[in-house]
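In the two complexes that follow, chain A is the common piece, with chain B as its partner first and chain C second.
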Partner chain A sequence: MTAQARPRLRRSARTRQAAPIAGALSWLYALILALPLYYLVVSALKTNIEIFTRPFHLPSLWLWDNFSTAWTQASLGKALANTALICLVAITVTLVLAVPASYALARSDTKVARAITGAFSAGFLIPPFAALIPTVILAIHLGLFYTREFQMLFLPASALPLSVLLLTQFMRTVPSELVEAAAMDGVGQFRTLVHIFLPIAMPGVVTVTILQLLTFWNEYLFSLTITGTAPDVRTVQVALPTLISDSTNYGVLAAGTVLTVLPVYLVYTVMSRRMQEALTAGAVKG
Partner chain B sequence: MHHRISQRARAATAAIAIATLALTACSTSTGSGSDDASDGGSIDVVTRWASGSPEAAVQKRVFDAFTAETGIKLNVTEGLENIDDQVETAVAAGKSPDLVIVNLFDKTLGWLDAGVTVAADQYVEDWGLADTLKPDALKAWRVGGTDDGELQGLPFSGFSWPVWYNTDLLTSAGVDEIPQTTDDLIAAAAKLRSAGIGPLVVGGSDWTGQKLFYQIAQSFTDAAAMKTVMQKGGYCSTDSVMQGIELFTELRDGGVFVDNAAGLNSDDMYAQYYSQKAAIMSAGSWAYAGAVDAGTGVEKVTTLGGFPLPGGAAFDKPTAFQDFTGVGFMITKEGAQPGHIEKVRQLIEALYTEANVGDFVQTTSLLPSVTGDFTAFAANPLLAQSLKLDQSVSIAVLPDVWIGSASDPIIQVLTSAYGSSSAQQICQGLDDATASAS
Partner chain C sequence: MSSPLSTAPPPAPVTTPDQPPRRVRRGPRSARVLWFTVPALAWFVVFLVGPLAAMFVIATLRWKGLIYEPTFVGFENVTRVLADPVFLAAIRNSAIQVGIAVPVMIPLAYMLGYHLYTKPRGYRLLSVLYFSPGLISISVTATIFYGVLSPNGGVNGLLSLVGLDSLVTPWLADPSTALATLIFIDLWRGVGWTAVLMAARLSSIPGEVLEAAQVDGASRTRVMWQIAFPMVKSYVSTLTMLQFLWTLFTSAALILLLTKGGPGNSTTTLSYLVYAKAFSQQDLGYSQVVGVALLVVGIAGMFLIRALLRSDLEDER
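Let's look at the complex of A and B:
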C-alpha cells in the first residue's frame, strides 16, 4: 500500500460510516416535505371535526364527495381554464421576449449590454406589493381592468428579469467555435439564435418555463385586484377562497386545493427531470 | 439530439399558438359593469355570500328565479374576505356594482360618507318597506345606530348570538343547572376539568375571543357608556369597564376557558364543541346549521342561554348578543342611477318576499329583519330555541359598529388577554389600539 493510497482509504471508510446517517437524514427530510402533502390530502377526505381533532389520522369515513362539491361550488373547471390560458399566453410572451434579449446580451460584452443586464437585475428589487397601485392605475387607463388580457401582459413583464438573466447565463455556455463556424458559413443572427443558441440553451428554456409556470399559477394579489372575482374571468387562486365562509367546510376547501395543485404538479413532474438536468449541467459547466 | 429537441420545440410552439388562439376566441372576458343583458337588461351585484357559504345556495335559487321571472340578468361577483377593498377598487376603476350584499363593518361603515353608496331612507318609504322591516333592524343600519341617523343600507340578515351549554356534559360533570352567575361558572369549570371535559371553549386569537371579551367586560357598564368607550377609548379611566376587565381576568385565572384558549381560533372552537370535548361556547345563529351537519347530535343536547352575571351587574338577566348588522343591501351611486334603480328595486323586493326570507331562515338559520312569524321555517332545533331567546337573556352591546377599524388591533391585544396579560395591560392595549385607529 502506497502512502498516496492511505488517505483515500481513510476517506472511503469515513464515507461508508456516514452513509447510513446521510440516508436517514435524507429520509427524514423527505418525510418533512411529504407531511404537509399528506395532511392536505387526508384533510380533503374528512369532516371539519376530524380535521381539527384528529389532524394526522386517516379519515374514519372517506368523503370523496368533497372533491365534486369543491369543483361545483367554486366553478373550478372554468377557473382552471382561465389560469391555464393566462399561464400559456404569459409564458409564451415571456419566452418570445426573453430569448432574443438573452441572445443579444450573451453575445455582447459592451458597457451598454452590461447596463441593460444591470437594469434587469434591478427588477428583483421592486417588491410586487409596491407595484400594485401603479399597476391598477395602468390597467384602468388601458381599459383592461377586470380582464384576463391585462394579466397576460403583466405577468411576462414581471417575469422578464429572472428569465433574461437565467437564459443569458445558459447562452453564454455556447462554444464560440460553433458561432464562428456559423458566421463563416454566412448564417444570419436569427438562424444562429434558432439553430445554435436555442437548442443548446433548451434546458434553460425548460427551467424558465417551469419556474414561471409555478409563479404564474400561484399568483394571487394581482389576479384578485385586477382580474377580479367574476366567475368567467377569475383564476383558480381567486376561485378557491370563495369556498371560505363563516362556516367553512375545510374538507371541501382542502379538496379544492388538491384539485388546483394537481395540474401544476403533473406538469412539474413531467418537466422536472429536464430542469434537474439543466441545473446539473450548469453546475458542471460552472 | 438537438435536432430532435428543435423539432419538438417547434411542434410545442405551434400547439401553444393554436391553443391560445382557440381559447382566446372562445372566451369572453366580462367584468363588473358589462352589459350583455337579456331582454330585461342587467345589474351588477357583489355579494358576501360566496360559494362556500350556506347562504350561497339560497341566493342562487332566488337569483335564478328572479332572472327567469323578470328577464333581468344579474352579473354576480363574489366578494371574498376583503370585499370592502374589492368594491372600493371597482368604484375607483369606474366599474362600480349596482348593489353590494355585505356586512356592516369596518370600511363599509364609511361608504355613505365617502359617496360609494347612497342613503336608503327614501327607498324604504317609496318601496313600501317601512312596515316590513323591523325597527331594531333599521336602527342598526342607521349611522351611529340612532333613530335619526341616515340609513346606510337595507338590513336583511340578523343574528342571535347566545351561549351554548352542552347539558349532557354538564350533568356528567355534576353540574345540574346552567350557571347563572360568574361564581357558578367558575365552580362549573372546576367540575368539568375534574371530569376531563373542556369548560368554555373560545377562539382567543380571533373575533370570537374579541366578542366574548366585550360581553364580559361590559358586565358592570350601561350600554351608552360602553358604546362611548368602544368608540373613543377610555377603558382604563372608566371604573365600571375596568371592573369588567378585572372580571375577565378572574374568570380566565379561575380556569373558565379551555387550556391554550389564546392559541385557538373559531374553527377550533366549533370543532371542540361539536365533538363534545368542551361543554360551553359562545356562537351565533350562523353556526346552528353547522352543528346539525357535524352529525354528532350535539344540537339535541344543547341549551342556548346567556353569559352568567357577576354580583352588582348592570344587567338583570345573563347576556347574549343579537343584532341585524349581519348582511344587508347597500345601493351604490351607480345603482341609484335612473337606468338601474328600478331593476335594483325589483331585486330587493324579490329578496324580501316571505317565501325567500323563509328559505334563508330554513337553510341558514338567520334571524330575519322583516316582521312576521317564521317559526314554521325553523326546522333546526337550535333556531327554534333561539327565536324564544329574548325572554331569557339581556342583549349586550355588540362592539363591531363602535370599535370600527380598531377591530384587528384589538384582537391582537385580546389574544394576549386570553394568555396572561394583567387587567391594566389589557385596558392600556385597548386604549392604544382605539387611539391608533382614530
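Let's look at the complex of A and C:
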C-alpha cells in the first residue's frame, strides 16, 4: 500500500503547478501525430473511391484483400526475408567487431586509445550519407554491387562509431577488483573479455543490438542504391515504395505500409521499455 | 572532437550520478590490448573514412557516369557548380529547411519533453505516440504522407470536411507549398521523438532541485527555463547538432520519394542534389563537389550550434 502511495505523492508534488496550455498543446501534437497513422490504417481497408470520398470514416466494407494484393505485388515476403538476413549478419559482424574494440578502449587510457575514441566520435557525427557515391564505387570495385553481401559488410561500419562508444561506457562499469583478480590468476585478455567483461556489459550488448537492428531494418537510401531494386535482393524498405509507382491504389499502398511497420511495432509492444532505453541511449533515429 | 555521448544520458549502469562508475585499473598491458581495436578500425577506415576521403578526389574528376573513365579536371567542377543556379537554389532550400525545422523543433521538443517529464495525465499514451515516428522508416513515412498529402488525400479531405475548400492544394506538387510541406514532415517526425529524449535526460536530474524551486514560488515557466534548462543545456546542444545534421544530410531520401526535387527546383536541397547529380544526371564530379560543400556546411553548422549553445557549466550535474 505505502509503496504504491509514495510515488503517487511525488507525482502530485511535481504536477502541482498545473499547466493547462502545455497539456492542451501536447495533446494537439499527439493528434497531429496520430491522424496520419489512423488515416493509414483505415485506408488500408478501403477502396480508392472510399479513401477519397470519406477519408476519415471507418471502411464501409472491410477490404482485407488489399493486404494480400500488397503482399504479392511487392513480393513483401521475399523482401522481409532479405531484410531479416541482412540485419542478422550485419548485427553479428557489428558485435564481433565492436565488442573487442570497446573492451580495449575501456581498459586502456593511453594517448592512442584516446585518439581512437576521438576518431569513432567524429565518425558518429558524420552521417555516412555524405559518402554514398564513393561507397557505391567501392561496392563496384569489390564486385559486390547490387548484392546483399555488400550491405552486410557496410552496415556494421556505419554502426561502429556509436556501438563502440556505447559499449565502452558499459565495459567501464566492470569492477577493478575482478580485473585484478583475473590478471593475478594469469587469465589472458581474450578470456578476461569473454568471461568477465562480456557478462557484465551484456545490457550494453542488448542495447546496441536493438538500436542497430532498428537502424538496419529501417535503412533506405543505401539499400536502394547499393543492394538495388531487383526483387531477389531488395529489402522491405525498398520494396514498399514500388507500390507507389506500380499502382495508384492507395488502399494497397497503405496495406503494404502497415505490413512493413507491423514487425517493428510488434517487437516494440513486447519490449517497449528496452527499446526506449536503447534509443534514448543512442540518441539516434533511423 | 569530444564525444557527444558524454553529454547524452548514459545507459543504465552509468546513470546514477551519485555513484560514479569505478574505472577499470589500467595495467602495464594497457597498450597491448589496443590490438583488439584493429579489426573495428580497419572496417571503419575501409567503409567509412575511405569513401569520405574519396569524395574529395572524385570532386576533381570529370566523370560522366560510373561506366565511363574519369579524367582529372582540377577545380573545373567547383567553378561549374558555383555558377549553377540549381546549386544556389539548393543552398537556399537547405538553409530554409534547416533554418526553420531546427529552431522550431528544439524549443518545442524541450517544452513537450518537460511536460512529459512532469508525468501529466495520460503521459504513457503520449510518450508512446511521440515515440512512434522513431520506429518508422523514411520509406514508410514517405508512403504515409504520399497518401495524406496527395490531391485527393487525407489533408485535403479533412479541409473540405470542415468547409475550408479554398485551402485545398496539391501540397507536394505546388511550388509554393512543397518545401514548407517537407519541413512540416521533418517536424512531424522530429518533435515528439526529440521530446522523449529530452524527458529522459530531464528525469536524470535530481527532482528535489526543481521541487524546491516550486516550493519557493517559482512559476512553472521559470522552473522550466531558468532552473531545468541550464542543467540539461549541453544535452540540448547535442540534440540540436544531431537534428541539424539529420535534417541537412538525410533529407535526400524523403525528397527522392515524395517530390524528386520539384516542382521546378523548389525542393532540391543540397543532399538531394548530391544524389540526383550522381544517379539521375550522371555527373559524379559535380555531385561530389556538392557533397564536399555539404560536409563543410555540416561541420561549420555544428561548431556554430556548439558556440551558440555553449553550456556555462562544463558539466551540468
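What we mean here is this: the second predicted complex is superposed on the first by the 217 of 286 C-alpha atoms of A that agree within 3 Å, B and C clash if a C-alpha of one lies under 4 Å from a C-alpha of the other, contacts with A are read in each partner's own complex, and residues count from 1 in each chain.
Quick note on the criterion: contacts are C-beta pairs under 8 Å (C-beta built on N, C-alpha and C of every residue); 3 or more make two chains touch, one makes a residue touch a chain.
Just so it is clear, the model here is predicted, and its values are computed rather than measured.
Asker: Look at A:244 in the shared chain and tell me whether it touches chain B only, chain C only, both, or neither; answer first, second, both or neither.
Answerer: A:244: touches chain B and chain C.
Asker: Give one of first, second, both or neither to describe whether A:92 is in contact with chain B, with chain C, with both, or with none.
Answerer: After superposition on chain A, A:92 lies in contact with chain B alone.
Asker: Which partner does A:225 contact after superposing on A: first (chain B), second (chain C), both, neither?
Answerer: In the superposed model, A:225 contacts both chain B and chain C.
Asker: Is A:195 contacted by the first partner chain B, the second partner chain C, both or neither?
Answerer: first
Asker: More residues of chain A in touch with chain C or with chain B?
Answerer: Counting residues of chain A touched by each partner, the higher count goes to C.
Asker: Could you tell me if A:253 is touching chain B, chain C, both of them or neither one (first, second, both, neither)?
Answerer: It touches chain B and chain C both.
Asker: Just chain B (first), just chain C (second), both, or neither: which does A:136 touch?
Answerer: Both chain B and chain C are touched by A:136.
Asker: Give one of first, second, both or neither to describe whether A:22 is in contact with chain B, with chain C, with both, or with none.
Answerer: A:22: touches chain C, not chain B.
Asker: On the A-aligned overlay, A:175 touches which partner chain: chain B = first, chain C = second, or both, or neither?
Answerer: In the superposition, A:175 contacts chain C only.
Asker: Across the two complexes, find the residues of chain A that touch chain B and also touch chain C.
Answerer: Of chain A, residues 51-52, 136, 140, 225, 238, 241, 243-244, 250, 253 contact chain B in one complex and chain C in the other.
Asker: Could you pull out which chain A residues touch chain C in their complex?
Answerer: Touching chain C: residues 10-11, 13-17, 19, 22-23, 25-27, 29-30, 32-37, 39-40, 43, 51-52, 54-56, 96-98, 100-101, 103-110, 112-113, 116-138, 140, 153-154, 156-158, 160-161, 164-166, 169-176, 179-180, 183, 189, 193, 203-204, 207, 214, 217-221, 225, 237-238, 240-241, 243-244, 250, 253-254, 256-257, 260-261, 264-265, 268, 272, 275-277, 279-281, 283-286 of chain A.
Asker: Under the touch definition given earlier, write down the residues of chain A that touch chain B in their complex.
Answerer: Touch list, chain A to chain B: 47-49, 51-53, 73-75, 81-82, 85, 88-89, 92, 136, 139-140, 145-149, 194-195, 198-200, 202, 205, 224-225, 228-233, 238, 241-250, 252-253.
Asker: Give every residue of chain B touching chain A within the complex, in rising order.
Answerer: For this pair, the touching residues of chain B are 2-3, 5-6, 9, 13, 16-17, 19-20, 23-24, 27-33, 49-54, 56, 75-82, 86, 89-90, 92-95, 267-268, 270-272, 274-275, 277, 286-287, 289-290, 294-296.
Asker: Once bound in the complex, which stretches of chain C touch chain A?
Answerer: 1-5, 8-14, 21-27, 29-37, 39-41, 43-44, 46-52, 54-55, 58, 66, 108, 111-112, 114-116, 118-122, 125-140, 142-148, 150, 152-154, 157-158, 161, 188-189, 191-193, 196-197, 200, 207, 210-211, 214, 219-220, 223, 238-239, 241-242, 245-246, 249-250, 252-253, 256-257, 271, 274-275, 278-279, 284, 287-288, 291, 294-295, 298, 302
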